[in-house]
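What follows is subunit A paired twice: with subunit B in the first complex and subunit C in the second.
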Partner chain A sequence: MPKGKMIPRNVFQVEFMHYPKHQQCAIDCLDQMELNGVMPDSESEEILMNTFGMYSHPVRKHRRMLYWMPKFKHASPWRLPESVPNNAFELAKLAVTRMCTVDPSSVISLFETKDVEDAIEDTWIVSGQSPTQQELLQNHPPEEPIKVEGPFRIFLRDQCVGYFILRAEAKPQPPPVKREYIDDVGSIKLWFTGDLEPDDMALIKPTSVHEQEDGIILAICATGTSGRDSLLSWIRLLVNTNPNLANVPVLFTQASPVGDVMTTGQHDETTSVKTVP
Partner chain B sequence: MFHFRGVQLLGGPQSGFVLAQPFFLCFSRTSSVRVLQPKNLCSTCKYSCRYIHFGTSQRKIQVLDRVGVTPYSQRSVISYNKDHELLPHHPWNKAVTSRSISVAAAQNLFWEKDPKGGYGHKKKHSQKELIRDGLKELRTELIKWKDEVREKFEDDPIMVRPGDMDKIWILNSEESLEQWVVTSDKDHNEGFSSASLTLSPTGHGLFSGRINTQVPKDGRVKRAGYCNIRTIRPRKSFKRETYLDWSLYTHLELRVRGDGRSYIINISTAGYFDIMWNDIYTYALYTRGGPHWQVTRIPFSKFFLNSKGRVQDKQVSIPRDHVVSVGISAGDRINAPFRLEVDYIGVYWDPSHLETFAYEMYKVPKFTAGH
Partner chain C sequence: MLRWQPVKFVLGHPSRGKVIFGHPGIGRAMLGHQESHIAALGVTRGFSTTTQDSCTSPQVQEARDDGPAQQPTTLKPTHQPFVKNLFLGKFDKKMLTFPEVLDRDQHELLHEMIAPIERFFIEKVDGAKIDKEASIPPETLQGLKELGLYGQQIPEEYGGLGLGATEYARIAEILALDGSIAVTLAAHQAIGLKGILITGNQEQKKKYLPRLACGEWTAAFCLTEPSSGSDAASIQSRATLSKDGKTWLLNGSKIWISNGGSADLLTVFAKTPEVQPNGEVKDKVTAFIVERGFGGVSSSTPEDKMGIRGSNTCEIHFENTPVPIENVLGEIGGGFKVAMNILNSGRFSMGSSGAGIMKKMIGWSMEHAVTRKQFGHHLSEFALIKEKFARMSVAVYAMESMAYITAGVLDSHKNADCSVEAAIVKVFSSESVWHWGSECLQILGGMGYMKPYPFERYLRDARVLLIFEGTNEILRLFIALSGLQHAGIELQSLIKKLRNPLMNPGFILGKSIERLRHQKDNPKLDLDLAGYIHPSLKLGADSLEYCVKRLQYSVEVVLARHGLKVAEPENQLELARLADCAIDIYGMTAVLSRASRSYCIGIRNSAHETHVGVWKMARRGEVISTTITTTPYHHHYHPYHHHYHPQPPSLPPSTSNKGRLRHVRMSNCVPWASRRVWYGRFPSGCSTDRMKTRVPLYLQFYLHIVLPSAHFRSRVKDSSTVVYKLIFATGCYCCF
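Now for the complex of A and B:
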């Protein structure tokens, strides 16, 4: 871009956007950079300053980009690499790790269906489960069935991963322990609100984050084929760490209250319209 | 912007900017015409000028940073290049017929004409209809007004204690969903995304749909693909508009279950004057994805000011006593279905949060930063 020619020489030229089409072209270029997440640097600022001058719109936009882009670069609590891998296995690992951040003690295990006897499919399985979930599964009554639901969608930047969950029906919270003694100080009404001191919740075991009102999430996984057989292999592999699982009936369901189950038709839908950057 | 010679600008709602221009400036005038080089004519000076410049009113608009651009799409004017030769004695013929490609954003020159920015539907009601409908509502409004008067004299102001979280919008019934308005770019033929707000199987509000980044071929829209939900404005009795007062709180809390995509939270604090009509404070809502619910607490100091989709240069912290509505938008340019379940949106007070505003301001050359 030519230096000096398009720099305004007086107030009026500044005011009326000297060389508007050229400035707009530069702005569009910077727009494209912004959309693709490319940060401008001092060299590009020099080019723009020499071409359009200090008070021009491309230079102003450049400065705005330098101010705002770093603020949002690391704003997400869940870090993802700048370009997410295209490989399904790597994506699945990232996805399951992300979903298991809800419980920091989760353990992500990588399995192969080859290790299970009578397995028809040959694929990888990424599974995430925490000790809390293992305990919940251990205490699960053997008569009640648990369900394998999925595949649900999770997006990592622009890539989509299908994951499955192992879910048990929600159990209502146990009632709080009633006060036994009349002389208990807690039965004096609070002066300010006129309520009784709330029932002592300290004696109940606090519910974990996995026990939700729509179900108890016991494990999450993503498999290479997302097929019925790979899920069966996953259950068999989970029995190694959860012996009680062998006694509990496991159902494979189509619909789920937790999320929108992806059907095979929807896999193609995502690629049919080209994303315009 | 570079719209030439007062040719009909956008057919759309914001075509009102070819107005009386106070400035008539020409940079240079030459009586000799260079036929070899096609020249653009200026409507104001009617001379062929040495520099390529356009209607001065449009140029003036460039300086204003508060651009009237709809979120996630820019209206553009595309016209077609035609070769033309300049005939010195008939400048106007050529001026009217030849146009050039320009990419512009719709901008208002001096004032915002319409609080809805041209996107509302103007329905004509007869006086009789209005009176009839008004009388129907009279009874409920009187009851509401009675309650307000009683509240004013009898009730004590609310007391917020540290760590208090007050739920403002709970999406658990059809009735609660009626407080929300769902919009997408398909509404005004500016895109093909669809969205809906329904009750999920677990009984919570479900904002789902599909973002479609395909741009409609109407020559105006540059980018497409957004959907949003927004609460309706709080009103007192007799439909008087009022504000939500959140000055006692420091954080906005949402319990959501997303699909890993990022959404945008918009808190509108529309003011009385037209410059403030489109004041929206924004921040991103990052979702973890997965079957677990997440409780996100965003401090009000993190919200930054933007207007009609453009981040403003001169930033201020959100006026918490002046909140009109809260909205959630999906527009992350990923061409795929999205799904966001919302349990509640509330406000939280954390007395240890002392930050007033998270964005530092810098001194810039005079007249460069926007209003």
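Now for the complex of A and C:
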């Protein structure tokens, strides 16, 4: 960034954003830093001041960032320690706990693939599921398949964790209750005296946070190897707490790993794998 | 064993004497004869607190009378639900005349029955031992059986005492002296066998009631499960019909069942599959009468509890228990209504048992306060202590009044729907007992905290009152939603228009002009409640009228605001406030009616009652402290006790111990009022002989400025201002 050239020298240059595209570029850069939570320091301020002048937009933004970001440091309820552990297991626990806080009754379980018979890989599994999700799985019709999707990425400071989800197809939302129905107070039903029929409960029964537009999330996990066999072990371990899972077909949507050593007997395994209870 | 003697003559005659309202000075004879003389015969009066569509029938038997006229029970008038109509602003003025259910002979009989029970409790019941060992000794239980207390409401033809609601409430007051015994008996008769009484057919009654009445068998009520306490519709116990269709097989487990360990007869609720008209199979709750002898019934060890430790509470498990189809109570699939009716019918007696507990504790604390000296003064001279006593006396008075007015209504009407009133009594009494019991402990100081003394045991026993028989939170919602449900039927079209203001501009304009007065917190008082009670209670009646009008307004506001969504979980705060208002209004009505009656018929201490009543009206009024040297408010006091002989507690003889003269000192909180008000004795009946200064001017001033308007305003204000803002936001001209 050339120094001195882009500093405004007279009133008109100050008024009409001197070198607008350059200033906008700098502002976008600072925006990205703000989004990612990177705080600027005095050196970058020097650079900007020398380039655009003291009263330019990038420098102003820079100063604002310096003022507000320390105040918002503690805004996130999921504060991470200054240096995130390097250990993948700890990171995975942190990540899964974070994601499962959306439902306070979630239970985080730690498994070992050693406990599953016929497991090829030997690794740890961090799995998160709540009783609501267990109920949803319990009521899932056995004909509809559910998918294991992933790996998705979640960043914890500069570390990245890959996680997988167990997802079922989204249920269509019940139609919103009509205004005339709500206006009609002639038939208030006492919901705790057994007067209510299941259709009336539509007004009262909430959809849980796990039922999203793109699908119903039934469980989350992160494994040590993120390999397909560990996911299979995960499903097998989930069957212990979700007996209905044994009846539901589970599809694995992971492609076979690139460059993996395959013996000649094996097929190309991009097709679905059904679990065997 | 004391029993009712059939009364051989009929008091009054079928067409009632006229009750002349507004002339309460006229003696008792006129006021008394409303609908109560049906009670004259030795008619056994069961009662039913039913909702509109319950399938019960009043359990009133034909009298065993030798009198000439058979009094058919259908002469009892019907009763409109009082509190539900309050939500519409309709005030049933008959409630301002306190129901008199017992005539003189029945009254005396009742007191003859009570005396041995009290003696039994004082002499033979060792509460501390029951609490320590967490069990009631069998001799005590045997004594209770001999007194007939196991069959209080069972009709005489089945061997019970055949008591009505009022007598039952009175006895509950005494039984409350020991919490474990009270709960054991209540679990047996108020809920355990009540199902058979209300919903059972003749064979079931003939088969089971005699044994239950004499105490040979104990009953229990099995509804609660690990996963469903308040949510009774979600129970998971199941009953399946056997192949031959003659037995139901019961499977499931119930927890926290009182009398579970010793009960021989259980009223069990389980889900049964029912085929709907459209072919679907749904699970509905059904009630069964299960004998322990059927097999498959097992109970666990008794639970260790905070209070009522003598009562046996345990889990019960059913494993393929065979239940013959004759033992289904009511209809198959109608178990929920049965459960609700059972629970609704026993609730009101909690008011009188709460009053019993409180009176005992007030007696102890009073004794302590007048004897103990600190800083050279007796505790009773300190205003803080006086305030406590004053407020708790008011609460006890209200509890009693509410319980007995509800009992009176149940006794004197056919199929009266008192479910909301009973819930109100329960909520108010349980919370008052817990709060004021704690204050009694406070007065007793360190002594109140020590185990060797009985005080803390009473408080621990009283804690469960807020939890069982319907938690107070659920009951508040029940009170509010029942009222709103009832009101919603009539207000349906009004609310529809209110909720769509842009579509009905003319209507909204007219309505807002009507409501202008409500906006200024000055509703038009056109009910003339003061005309139905003694004139000295006029202030109270006016404030009651104000409260009723404001409740009606706030009901409209709440319904217009939320519509059908008023029942949703997030709107419970407003419902709870409406329920609190309804509770207060019912309390006020009961207190006014009782104070008016006792003043008119000249019961001793009725001036004090008037005082208490009017102060209760003010609700947040200044504390009126009374130094009670003789006993206007001892625990033997009872409104029905016409020949009341005061039993002074063991007090040191004090200055004005003349028996009738009481010395009332205004509290120091009233700085400009340091004069004393002397209350002379007053004759019975005649109101012309008034006392010199009944309600002093400054006191009236006080009551006027601290009306429950303050109480109400804080509750209704939020909703009205928000509605105001809403309407403004829609661009409509309005001031709601």
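By definition in this document, the second predicted complex is superposed on the first by the 152 of 277 C-alpha atoms of A that agree within 3 Å, B and C clash if a C-alpha of one lies under 4 Å from a C-alpha of the other, contacts with A are read in each partner's own complex, and residues count from 1 in each chain.
Basically, a contact is a pair of C-beta atoms (placed from the backbone, for glycine too) under 8 Å apart; a residue touches a chain by one contact, two chains touch by 3 or more.
Values in this document were obtained by computation on a predicted structure and should not be read as measured data.
Of the two partner chains placed by superposition, only subunit B is touched by A:163; subunit C is not.
Within the superposed three-chain model, A:246 lies out of touch with both subunit B and subunit C [touch as defined at top]. Considering which of subunit B and subunit C touches more of subunit A, the answer is B. If you check the complex, the residues on subunit C that touch subunit A are 230-233, 285, 336-337, 340, 474, 477-478, 481-482, 484-485, 488-489, 491-492, 495-496, 499-500, 559, 563-569. By the touch rule above, subunit A contacts subunit C in their complex via residues 181-194, 203-204.
Only residues 1-2, 25, 27, 52-54, 56, 59-60, 62-63, 102-104, 200-202, 208, 212-215, 223, 257, 259-262, 284, 286, 288-294, 311, 313, 333-337, 339, 359, 362, 364-365, 367-368 of subunit B touch subunit A when the two sit together in their complex.
Of all the residues in subunit A, the ones that touch subunit B in their complex are 12-13, 15-17, 19-21, 24, 28, 35, 54-55, 57, 60, 63-64, 67-68, 71-72, 75-78, 95, 98-102, 152-158, 160, 163, 165, 167, 209-210, 212-215, 217, 220, 255-260, 266, 269-270, 273-277.
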